[in-house]
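Chain lettering (A, B, C and D) follows the sequence in which the chains are written, and residue indices restart at 1 in each chain.
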Amino acid sequence: MIPQPIICALRSSVTCWRQRSVLETALRLKALGFRTVCFRSTFAPGPVTSMEEILTRVVIPLPTYETREKSPPPPESNSVEFMHFYKSLEKEEKSQLLAKLSLDFGVDHKGVSELAGKLSDTQQRDLATILQVEDRLRYSLTPRYKQLLNHISRVEGGVKFLVDLRADLLEMISSKTNDSPHIRDLNGTLKSLLSEWFSVGLLRLERITWQSPCEILQKISQYEAVHPVRNWTDIKRRVGPYRRCYAFTHAAMPGEPLVVLHVALTESISDNIQSIVREFVTLDSEEDVNKVYTAVFYSISSTQAGLQGVDLGNVLIKRVVRELQSEFPHMSQFSSLSPIPGFSSWLLGLLSQHRKEGRMELLTDHEWREVADITNTTSTNTLDALRKLISTGEWTRSERLVHVLEGPFMRLCAWYLYGEKRRGYALNPVANFHLQNGATMWRLNWHADTSPRGVANSCGIMVNYRYFLQDTLSNSAAYMHNKSITATEQVLGLVSQFKKNSKL
Amino acid sequence: MIPQPIICALRSSVTCWRQRSVLETALRLKALGFRTVCFRSTFAPGPVTSMEEILTRVVIPLPTYETREKSPPPPESNSVEFMHFYKSLEKEEKSQLLAKLSLDFGVDHKGVSELAGKLSDTQQRDLATILQVEDRLRYSLTPRYKQLLNHISRVEGGVKFLVDLRADLLEMISSKTNDSPHIRDLNGTLKSLLSEWFSVGLLRLERITWQSPCEILQKISQYEAVHPVRNWTDIKRRVGPYRRCYAFTHAAMPGEPLVVLHVALTESISDNIQSIVREFVTLDSEEDVNKVYTAVFYSISSTQAGLQGVDLGNVLIKRVVRELQSEFPHMSQFSSLSPIPGFSSWLLGLLSQHRKEGRMELLTDHEWREVADITNTTSTNTLDALRKLISTGEWTRSERLVHVLEGPFMRLCAWYLYGEKRRGYALNPVANFHLQNGATMWRLNWHADTSPRGVANSCGIMVNYRYFLQDTLSNSAAYMHNKSITATEQVLGLVSQFKKNSKL
Amino acid sequence: MIPQPIICALRSSVTCWRQRSVLETALRLKALGFRTVCFRSTFAPGPVTSMEEILTRVVIPLPTYETREKSPPPPESNSVEFMHFYKSLEKEEKSQLLAKLSLDFGVDHKGVSELAGKLSDTQQRDLATILQVEDRLRYSLTPRYKQLLNHISRVEGGVKFLVDLRADLLEMISSKTNDSPHIRDLNGTLKSLLSEWFSVGLLRLERITWQSPCEILQKISQYEAVHPVRNWTDIKRRVGPYRRCYAFTHAAMPGEPLVVLHVALTESISDNIQSIVREFVTLDSEEDVNKVYTAVFYSISSTQAGLQGVDLGNVLIKRVVRELQSEFPHMSQFSSLSPIPGFSSWLLGLLSQHRKEGRMELLTDHEWREVADITNTTSTNTLDALRKLISTGEWTRSERLVHVLEGPFMRLCAWYLYGEKRRGYALNPVANFHLQNGATMWRLNWHADTSPRGVANSCGIMVNYRYFLQDTLSNSAAYMHNKSITATEQVLGLVSQFKKNSKL
Amino acid sequence: MIPQPIICALRSSVTCWRQRSVLETALRLKALGFRTVCFRSTFAPGPVTSMEEILTRVVIPLPTYETREKSPPPPESNSVEFMHFYKSLEKEEKSQLLAKLSLDFGVDHKGVSELAGKLSDTQQRDLATILQVEDRLRYSLTPRYKQLLNHISRVEGGVKFLVDLRADLLEMISSKTNDSPHIRDLNGTLKSLLSEWFSVGLLRLERITWQSPCEILQKISQYEAVHPVRNWTDIKRRVGPYRRCYAFTHAAMPGEPLVVLHVALTESISDNIQSIVREFVTLDSEEDVNKVYTAVFYSISSTQAGLQGVDLGNVLIKRVVRELQSEFPHMSQFSSLSPIPGFSSWLLGLLSQHRKEGRMELLTDHEWREVADITNTTSTNTLDALRKLISTGEWTRSERLVHVLEGPFMRLCAWYLYGEKRRGYALNPVANFHLQNGATMWRLNWHADTSPRGVANSCGIMVNYRYFLQDTLSNSAAYMHNKSITATEQVLGLVSQFKKNSKL
């Protein structure tokens, strides 16, 4: 039992903490086996003071290099207190807290500098001394807050807390709320810790079926961003016959899928997503192994914003390939059927720009004429009409337009995927992901996603990134080192048509 | 299928690899989904060359700071190859390999030194620059082999391999086979990686029962070092009624208990181990909750030499305390019943030394006379007789001797535990372990382990380290920072008797 | 592989079998390890012939009494063939088949009669002879088809097949399609077999949670007949905090809940179903043990029509009570909150009858006047107006009517539950179920189910059957032997009001 | 809580009950949710009275035919009380109790006789009436104790209790302690109930591995009667690579293997047991699928004496065959390697008999001469010398004798297996088991079990019963109906040699 006076003391500090969470913390600590819970009441005055006060208490100084192995870990209540305090804050306060944490509880720059000086002096000395100074230097480069992060990870729910905290950090940085070098440093430190904890050996591959816990299936439905799950019949089909659904989970975050891969088992590589997601498949039918030669990865979703940059998707695909090979030894084709987010808006942007510049080379003269004819416009406003048709998706209602536009849209899309770059790598994030994994840009598919969403995103075009297993390592290296993209003749043909037209 | 020529190529390189492991590797790689396995035959000439050759190929250079996020991981076969190569080596070759690895594939000292110089120059500059240089410096302090260790951990069986490799390292260091600064650095790097992977959030507490897999129970029997398990009836009792057995396991090493804690559930704190380990307890009797007020930790064993210094035992005790509290809410006493390894040999050493120096103060004059009387010796050779009796354990056969020696042995033992130090901490490793955890040195028990082993190790004395839950944190801090030991009046009384006698 | 000729032979018999199922059977048999599948082609001519033909082949004659232990079981394919044949039939054909089975493959009446004659002669003889003849008689009373049923139960999916077959039988009997004595005999035989297989020792109690397989939760949603589950949020709440959901499953029908009990954990006995089923409960809130004193069974559903008469619900309630007591040792109240299906239609029937007979005593004069007043009717058509209001449920829209009708509806309902009988037992099936279990008719609740369904079924009234654990055995015996109902003063008071009014 | 007075009352009845079990019962009943436990103290006087008293109370009368569906089950405490009472009895008392139960609580012979009379009169009447009277007759043939057995099966641990009770019954019958017709009737009733509960659909096939619970592996070691398990290394090998161990378990007896089958996976059909049980096999080696073409069933053990006559072994073999076929699709040979218990003693008996009768045809003249020569005996005492050598097993020490005796022992053994009968079926129980299952007597193996046990039982000979899957059904039927044995030429050749010699 928590003695009454202490509960009272807790209650008195509600100016800075939300009352609920104080009580929760107290109960929690009690559950953890602490008989007495003692918060110093001095952190009551106001949020700012309390932040400093709480950080000073919770983020204990690093032990000296000599005593680093002889220091007992701080009490678990430190971590629990920090977690509850952080959760009780508003968004802006969180940002303040993290700013303070990263600025005031980071590296001891003076100490580092001194050791660095020492090291540059030790050039002449023996290797043993150099190694020792290096090790001291390495230790002194540890930010003080790293210790806190480490301890939090050991508390129940701690890893999930840190994943979510990193999601907050990333949001601050990308929204420019706070992208100071210190915040970036904190982010870097946290990312490298998460990379350790989510290293492959600790991940568990789970096949999700209709017998999996409802909790997981509901989460997978919610997380599915690529082709949204409409209802439970829908999700039942996606884990039913001729489908596979795999997820990585982690011992420290039970029941939480981290990255999810949906696979269709087909005879040949699919060129249309509706045949996979919407097609009527009798749910109770049994799989005929003799119809399964191909695995089509039609959706891969990361569920934890805070694990950005921690490479899970790539590894999941590789593990799933192995899994499928052992289930279907004669399976010979592995390919994605991927969306092309951003193509439509890139296309609209291009059209705007060309309009301003008075250029018309995106379509051939013949194509412009046909569009003008169908849309009943004069050459001066055909481009405007086309832009409007694209942005509304109405071009898909005219069979003639669909026919005329297939050529130009396909070659434009090929260029978008193959030719548009950011820092030398593919601009399109899905392309970049699969190319990093070593896939080949294999086939663009017209009329592949006819849902409103598919038309709006990419004029209905989808693309297969194919995994030739014996080539992925070399492809990956070629892409990552030399930024060179492996593509098939179909894709390269479309690209060169585009180039010819655009006089590139 | 592996094409025949490649198998042949593999076979041709057997000069350095054991043939078996080459084939195994090949089959293994095939199982991992690699179609073609290609070892360069150039590493054939001889073991020394091949070591260099293999290390150069397998321990790839660190990416530059700029490209560190854009570098694809090396193929998994690198890690598998290194693992198989290492396992195929003889002990001495292993030592050579690790020496080479730590010396030639460590930190780039020149690069570090340059950056360090840069940092000592940047004193005046802005914080953002300092942070950036610090981050570069931190990166440059990464030994090249760390990357290899990281990749190995991701392969199936990799973590276990590294744990075993560290056991080899520790053995090299302690046996002075190889304790160069570089080997120590490699050991430090590996230890800090293992600490991450075996952090508490990733450990799973398992209660071991007679329903647990045979594989685990057999291992627990083998690992039990404190009170050896004699047969399967014995182990069955240790997981039966009024007993608990808990172990930590780890997701990356399934089926392998890492640290094992045996607990007896009793009414009061036990003063005798035979009542726990040998006592006849009907195996099918049901526990009576109303007889359970105390948990006696009577054995804790670490099973993995390679996890030395990674703090698991302390955490296991704390988790088990919580577990027991939730099962037995009225449980109020937690204590170890611990062996005192080394007491007898310390005592024999002391006697030898006193003999040389002609000192007799270990026993009182009265005690000496009694011993002389019983052993029928003259005062000149009583000490020798006593030494012999202790080293053979024969003193326990004489009731009179047992009676006479209780006083001196108990106070000597108290001093051994409380007063003998190594770098300021308790010399006895078991004492040091529990004191670090925050336990109190609670009671010395005469006649507590009457097995030959118990008599040989500690003259049959055992000690209780008691865990007062509300004090463990402060005790632990007091011990680790100030080296002060919390002990009861019984222990302190014995210690002061010893001091008085010895004129300390 | 099934040799081609045999497949052909199979195909040629499709006149009577559906082609699909022939192939299925063949594949199935192959899967069962049969190398060659051989159907005699003679059963091809037509359905009627084939029925006889198939039954003659499949329902093998009983061995003689002497050889009954020495007879090998018929091949498993017999059972599989019968199952596939039966499933391939249309409803009417099924009825024919079962009629034939029960008539021509039942008891050998002549044999029985002879043995019976022998037995009545043996009066004088010794007990050993009598016992022997009795045993022969018992054996001869076994219908030949019982052996088939037994063998079917041993095939995978066989038990479920028989449960469904019995559902068909019950439907034939209740719809008078076929209720010959032979069909009833078949039904009786099957029921007693099912009772054996679904005996309590073989049932497994499962607590259903949000972590249970989706498959089970979906089935439980479908089966919930009492308060239909509207969506997945709804079912999530019914397995969430302050709720329990238990089901019996059976080893021979994995993944199939047989009977499902929904429980609400409350402070006191609920008088309203919406507070349980619709109330907003934050799904993530944790249960406070100190708010749980009562278990309210608010829904119990049998899922298998074919298990009618096999007592599962009663046993489930008892098991759940034990389970809850061990989870909440201080739980002290157990009660249902039950619907009263049939009350409204019984009431409407009564009104019609009274109208014909010109009787008005269902309501008091005062009540009639108030109703007339509110409905603005003359005394002659008030009764008609009332009937219409009840049958449309519109009376609930008038606060005044609701107020006026509470008295009469409550006493009528009490009578319906307590006084209306069928063969001496409560007419209302839900009442009969709980009274058989030994519950007390504890409280009628006005305004307890305000859903349209609740108003339509029972004018919104619900009833609590309360389980006083120490009395259930005696209550049950009193009800089943003496047909006497235990009820509280509230119920008895309402009943006597009704009687007084009705001059009963 | 059980009120003190009742505990006292319980204690007062210890004259007939063992005190422990009374208390146990009380606690047990309390655990079952009974608030008050009330034993009538009148059954105290003495064991005999108490038996009657307790049976009268516990074995309640059958409901009448009319009310049989309306009768509540008796309280569970009845069953629990009976179980505890029975367990508290000495062996002899148990026999008394069962005698009383079977005699006084069996069938109502008078009622049966009346109904039988009625039935023989109803010859002329309509079928409906006949069916009805038959059903009544069937019901009246139910022994009153059957109801008790049924209820016991529903209590936790009840099924196991009944299995053990039947083992007691069988022991009484076979030891002639009590083999009255009534006891046989009770045994028959219990057997048919057990057959229902242990019907195949309710059995679970478990593969036992080194990961299985220790509890199960220990039991399997204990139960292994064919080739005793010597230690845990031994059992580890029997569940390791190239071995399989399967067991049936039952939902109502968790953790209890009912029948256990050990299989060796080999290239060809083994002719020697030591190569399977003793051979050094590296335990960690992995199975090479390409070396597995044959499954050798080298041990099958039933573990529950009380399930005698309930056919589990046959079904287990068939299930295991299917299991193995799906794991090793190219597996083509299935065979036992079986002991021949009883051959040596049969042979010794035969020799004694021939000696008395002065016949010498068991061996040829030539063989006798060789034996005489080797044993250095005159023709008159050669037979005695041979008998002695066989009974001591010493003949195996002389290579020459082993060589000479191979011929005669093999043909004698062939005859023993093939020609010696009991009621027309094979005398040897192992032969009878496999022949019933439809196996072929395939090969006799000389020098197949060279352990002392093997020599003592069957002169070291073992036999393969081979399962040709396509023939087992017809073989089984031929054996069970016509008592004809399928055997190979090797066996038949040996048999005809025997016949020729013996002039049969």
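Methods note: a residue touches a chain if its C-beta (ideal position, glycine included) is under 8 Å from a C-beta of that chain, and two chains touch if they have at least 3 such contacts.
None of these values were measured; they are calculated from a predicted model.
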Chain labels contacting chain A and also chain D: B, C
Centroid comparison with chain A (C-alpha atoms), farthest chain: D
Homomeric contact chain C-chain D: same or different residue positions, threshold half: same
Euclidean distance of C-alpha centroids - chain A vs chain C, Å: 51
Distance from the mean Cα position of chain C to that of chain B, given in whole angstrom: 62
Between chain C and chain D, centroid-to-centroid distance (C-alpha), Å: 39
Pairwise chain contacts, counting only pairs that touch as defined: A-B, A-C, B-D, C-D
Partner chain C, residues of chain A touching it in the complex: 210-215, 217-218, 232, 236, 255
Sites on chain B touched by chain A in the complex: 32-33, 35-36, 69-73, 75, 107, 109, 112-113, 115-117, 119-120, 123, 127-128, 130-132, 134-135, 137-138, 141, 150, 153-156, 158-159, 181-182, 185, 188, 193, 196-197, 199-202, 204, 251-252, 309, 311, 318, 321-322, 325, 425, 436, 438, 469-470, 473, 476-477, 480-481
